[in-house]
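The structures considered in this document are given below.
Shared chain: chain A. Partners: chain B in the first complex, chain C in the second.
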Partner chain A sequence: MQTDKKIIITEVALRDGSHAIRHQYTVDQVAAVAGALDQAGVPYIEVSHGDGLGGSSLQYGLSKTNEMELIEAAVSAVDQAKIAVLLIPGIGTVRDLNEAAALGAKMARVATHVTEADVAPQHIARAKELGMETVGFLMMSHMASPEKLTEQAKLMEGYGADTVYIVDSAGALLPHETAERIRRLKNELSVNIGFHAHNNLSLAMANTLAAIQEGADRIDGSIRCLGAGAGNTQTEVLVAVLDRMGIQTGVDLYKMMDIAEDLVAPILEKPQEITKGSLVLGYAGVYSSFLLHAQRAAQQFGVDSRDILIELGKQKVVGGQEDMIFDVAADLAKQSANLVTK
Partner chain B sequence: MQTDKKIIITEVALRDGSHAIRHQYTVDQVAAVAGALDQAGVPYIEVSHGDGLGGSSLQYGLSKTNEMELIEAAVSAVDQAKIAVLLIPGIGTVRDLNEAAALGAKMARVATHVTEADVAPQHIARAKELGMETVGFLMMSHMASPEKLTEQAKLMEGYGADTVYIVDSAGALLPHETAERIRRLKNELSVNIGFHAHNNLSLAMANTLAAIQEGADRIDGSIRCLGAGAGNTQTEVLVAVLDRMGIQTGVDLYKMMDIAEDLVAPILEKPQEITKGSLVLGYAGVYSSFLLHAQRAAQQFGVDSRDILIELGKQKVVGGQEDMIFDVAADLAKQSANLVTK
Partner chain C sequence: MDKIKVAVLGSGNIGTDLMIKLGRSDVLELTTVIGIDPDSDGLRKARALGYETIDNGLDGFLARPELADIIFDATSAKAHIRHAKKLKEAGKQVLDLTPAAVGPLVVPPVNIQEHLDADNINLITCGGQATIPMVHAIDRVQSVTYAEIVATISSDSAGPGTRANIDEFTKTTAGGIEQIGGAEKGKAIIILNPAEPPIMMRDTIHVLVDGSDVKKEDIIQSIKEMEKDVQSYVPGYRVKQDPIFEDNKVTVFIEVEGAGDYLPSFSGNLDIMTAAAVKVAEEWAKHKLNKVVV
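The block that comes next holds the complex of A and B.
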């Protein structure tokens, strides 16, 4: 099959994948992987701490290497590819952005919780002043209704984002939910639409194809599935699938297979798979950072951590509300005690 | 969401998963896993050598434990679940079937290449005489056109199969291809229709949902993805996804998560992931047994093993035609020499 359709891939293993290796990338690893991805024709390569610029901290995990050194190494290693950086306002700052741009980063992806696009305008504006391509990156997109998501996406468009991404951070979207959301954004916005999947429910590829079916222009992938949770859409597999569907990516499949096997697999401490932890995160639709807290609360209150996470998902608890985890655990323990005494 | 739709799951980790651990299952492992799956409400559990009854051999891999002992252990360990066996005529025999039935196996899945259903009637008839439920299992289904597949499925139905399965042995089907095939079988047959996926292109879940969308009644899954190649549809993840979609399975999600993490993961020598090898098999659409042969031929003729496999897929080479692998390698070497001298 051969069509005129073309998808622009952004490789996130050197950013989202940083989570999977506890932010232990070295300059040599990043230079080798970025250089090889560039040779394979990958057009955008994201390099940052897993939680974006400035993420290296006790709270989010300390990076082994200063991310600016990693960005510099990636920029030096590529000929054609553009280096992207992720920035979550509140974690990263305009100063971080300035520094990354000075080192040669060409794309800024400004990420907010799906209902909080309004924290992004300054950073998007500054990125544009710096001459960078800009992306509005709406995280935990499953937590907003399609209407709310569309409203927030329009805000991002209004701030000047060249592309707006639906980001399924928890890997919680089902394919028909992804399709509906992409369809709305394609209908109601005029900028490019992107999609970023996680594989916690083994649906990264299914959701990605649903997004492409509805007209998504840009797709994130992580080579060898090197991303948070159960990883992202596996890039080399995506290239193979799109090739079979006649959709152009400009990326060399054989080179991607070799990079995955020879350069990336050895970096992983253990292969990416769908574990009990990643599955429950996708099923409950909650932040991965809640998992450990919920396990501690479960032990303290004698309840199942999965019940806590599912209840947190129902209540749409967001980052910063971690106190709720213990409240929910206490409530569940009380309910179960009431059941026993009745 | 809640619907009346119900899917019957067959767990194949103790058969297809046998490939992933080089057929090294012990009686204790099979008894523990089968017993736990039964407690979780899994209705059918397949136990056999990876290549079906009688598969233990130098050619297909020697089993550590006689599969009849494993079947007996599984039968003893379950209360409600039915134990299924796979039989490929030519590898397994009617005598094997008699023995498995005597030990308490209640379902016979008679597997043939997608264009060779006509080798199945004797075995299906014998299984029915033995009082077993019967399945016609059409392997490498991607290699036949939807018309040919339907014709072969009708043969299976005519032989008395209670269910006919589309089996994507190479993990090569795309979701729209799966949907078209299931739709035809649902329209043209009156027996139950099943679907068995492999995850070589990260499409096991996508294809499974496409099959269910078109009316598939039965789905195979492997817990913790324990199957040949990149594994099958991951059962505990499937249970979670179907639960989110309001589709009934009768299977307990929490128990499945625990079995996957506590009983099955420790059996695996290494976690299941999509490697270069499994990806190329899915992309080329060829038998997994071709991989090693192609690598040897590639070395001998100085060509890329992937080019050999892709050419074998184009030529629809089947098991038993392994000589073709060296012919194809020689042709590719000749072509490339011609290119150089021109």
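The block that comes next holds the complex of A and C.
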């Protein structure tokens, strides 16, 4: 079956996947993967620290390699693909954006919490001045009502975003919730609409198909599921599924399978699967990059990482608040010590 | 006891909170509130409390300069640059609560003594006021090579100015961490959290100290002393957990509850700015009064 429908895929393993490998990417890994993805016809490849430009920190994890060197390596490794960067205002700055653009990054994805779009205008405006394509990236979209999400998406459109993404950072959305959100944005905005999933509830593909069904134009995937938590929609699988549906991506399936197997699998410390930790992320609605930090805190304080994540979900913690993981773990440890002494 | 006359320039939320705090001071006498909108809540409140009000901005005050010797500027960075020049010519001491940073950066328990005669000082940012004392508390025990702070504030307490210029926050705060906190390199991150009911301001300070032999006990003691120093003017300032030590990394958790004067108590980020401003002005006033006695 062949249709006229086209989906533009952005590969995020070299950014979102940074969380899964504790920001340990090397220039050689990034150059090899970006070059191969380019050969396979992937049109956009995102490269940055997991928390975007400027994310290298004690709070989120220090990058092994300066992300600007990784961006430069990716730019030199590709012919047709465009290199995208993520920028979270409050972490990254216009200065970081200038540097990335000078190295050849062609797309800026400006990410905010789903209710806080109004911290993004200066960065989107600057990206446009630099001649970059722009994306407004609304994270933790499950935490806002479809009405609120639509209002914030319109702000992003108003700031000049060429595409507005619904980002399911916690992998918490269900397919009907994804569909409703995409439908509203397609009805009320005129720019492209994108969707970014996490597979914590094993719903990344189902949500992605629901989004496409409602007219999403751009989809994020991570090859071999190399993303935070249980990873994202698995890119090579998505390419196969869309091909079966007659939807064109321009991406070569066989080449993607080979890259996943030969280049990306060896980068992963262990195969991506839905562990009890990642399942709880989706179940409790917690930012996917908290996973490894919660496991470390659980070990340090002798508590169950699931209890930490559930409590963070209750406290409505947003992306970037990794410090809360240790605060909550310390509180839980005190509580259980009190129980023991009583 | 004699008091020094002060005026508040700007009749928004910050100006109004200052007005209430100044009403309690032993050494400062608030005489005047300066705004540009006679119908603003701040100017109305000022009239009701019996203060002199001026509704044509700084020029109105400069026509009657005898009303105050110390001015709190709670307008905007752009306006402050103009105000700073005129107030300097008029011989006034100015506390800048905007991000303009015309004068030296001041965090009261760290470096106020160096700036008792300054004609203009800047209070950096809320995140800076909350975290720089702790960076300094560690640095005075063991040299800090890197300090990184994460300030999380409720969405309700982040005004449009902060939002439109969020880069300014990270840049100015990082500069303060280095210059005043003493870190060789500083970094700042700000996060807005929209949870309802609104969360209190919280700040996490991660530092790396020089050398592998970390002086744990001395650092804990120094942090406790600094907590008390800040509490003397921000009663809702608390170290939330025991500091975490891991190799040469120290992490300190802070929570700031506001006094709830005019601004709601969750907005500790705004309260710590107004409280720090009043603290600096009180030190200036005591210094002026001492000089007169001598």
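We take it that the second predicted complex is superposed on the first by the 288 of 342 C-alpha atoms of A that agree within 3 Å, B and C clash if a C-alpha of one lies under 4 Å from a C-alpha of the other, contacts with A are read in each partner's own complex, and residues count from 1 in each chain.
Note that a contact is a pair of C-beta atoms (placed from the backbone, for glycine too) under 8 Å apart; a residue touches a chain by one contact, two chains touch by 3 or more.
Since we're looking at a predicted model, the values are computed, not measured.
Chemist: Does the superposition put A:F326 against chain B (first), chain C (second), both, or neither?
Modeler: After superposition on chain A, A:F326 lies in contact with chain C alone.
Chemist: So in the superposed three-chain picture, is A:V317 touching just chain B, just chain C, both, or none of them (first/second/both/neither)?
Modeler: Second partner only, chain C.
Chemist: Check the residue A:L174 against both partner chains and state whether it touches chain B (first), chain C (second), both, or neither.
Modeler: first
Chemist: With both structures fitted on chain A, tell me whether chain B or chain C touches more of chain A's residues.
Modeler: More residues of chain A are touched by B.
Chemist: For A:E261, using the defined touch cut-off, is the partner it touches chain B, chain C, both, or neither? Pick first, second, both or neither.
Modeler: first
Chemist: Is A:V191 contacted by the first partner chain B, the second partner chain C, both or neither?
Modeler: In the superposed model, A:V191 contacts neither chain B nor chain C.
Chemist: In the overlay, answer first, second, both or neither for which of chain B and chain C A:V75 touches.
Modeler: Neither partner.
Chemist: According to the stated criteria, A:D304 is in contact with first (chain B), second (chain C), both, or neither; which is it?
Modeler: A:D304: touches chain B, not chain C.
Chemist: Taking the stated contact definition, name every residue in chain A that is touched by chain B in one complex and by chain C in the other, in rising order.
Modeler: none
Chemist: Could you list, by residue number, the parts of chain B that touch chain A in their complex?
Modeler: Listed in rising order, the residues of chain B that touch chain A are 174-175, 199, 201-206, 209, 224-225, 233-234, 236-238, 240-241, 243-245, 253-254, 257-258, 260-261, 265, 270-276, 279-280, 282-283, 304, 306.
Chemist: Can you list the residues on chain A that touch chain C in the complex?
Modeler: Going by the criterion above, the answer is residues 57-59, 89-91, 93-95, 113, 115-116, 118-119, 121-122, 315-318, 320-321, 323-324, 326-327, 330-331.
Chemist: So in the complex, which bits of chain C are touching chain A?
Modeler: 146, 148, 150, 152, 155, 160, 163-167, 169-171, 187, 189-195, 202, 204, 206, 208, 240-242, 244, 249, 251, 253
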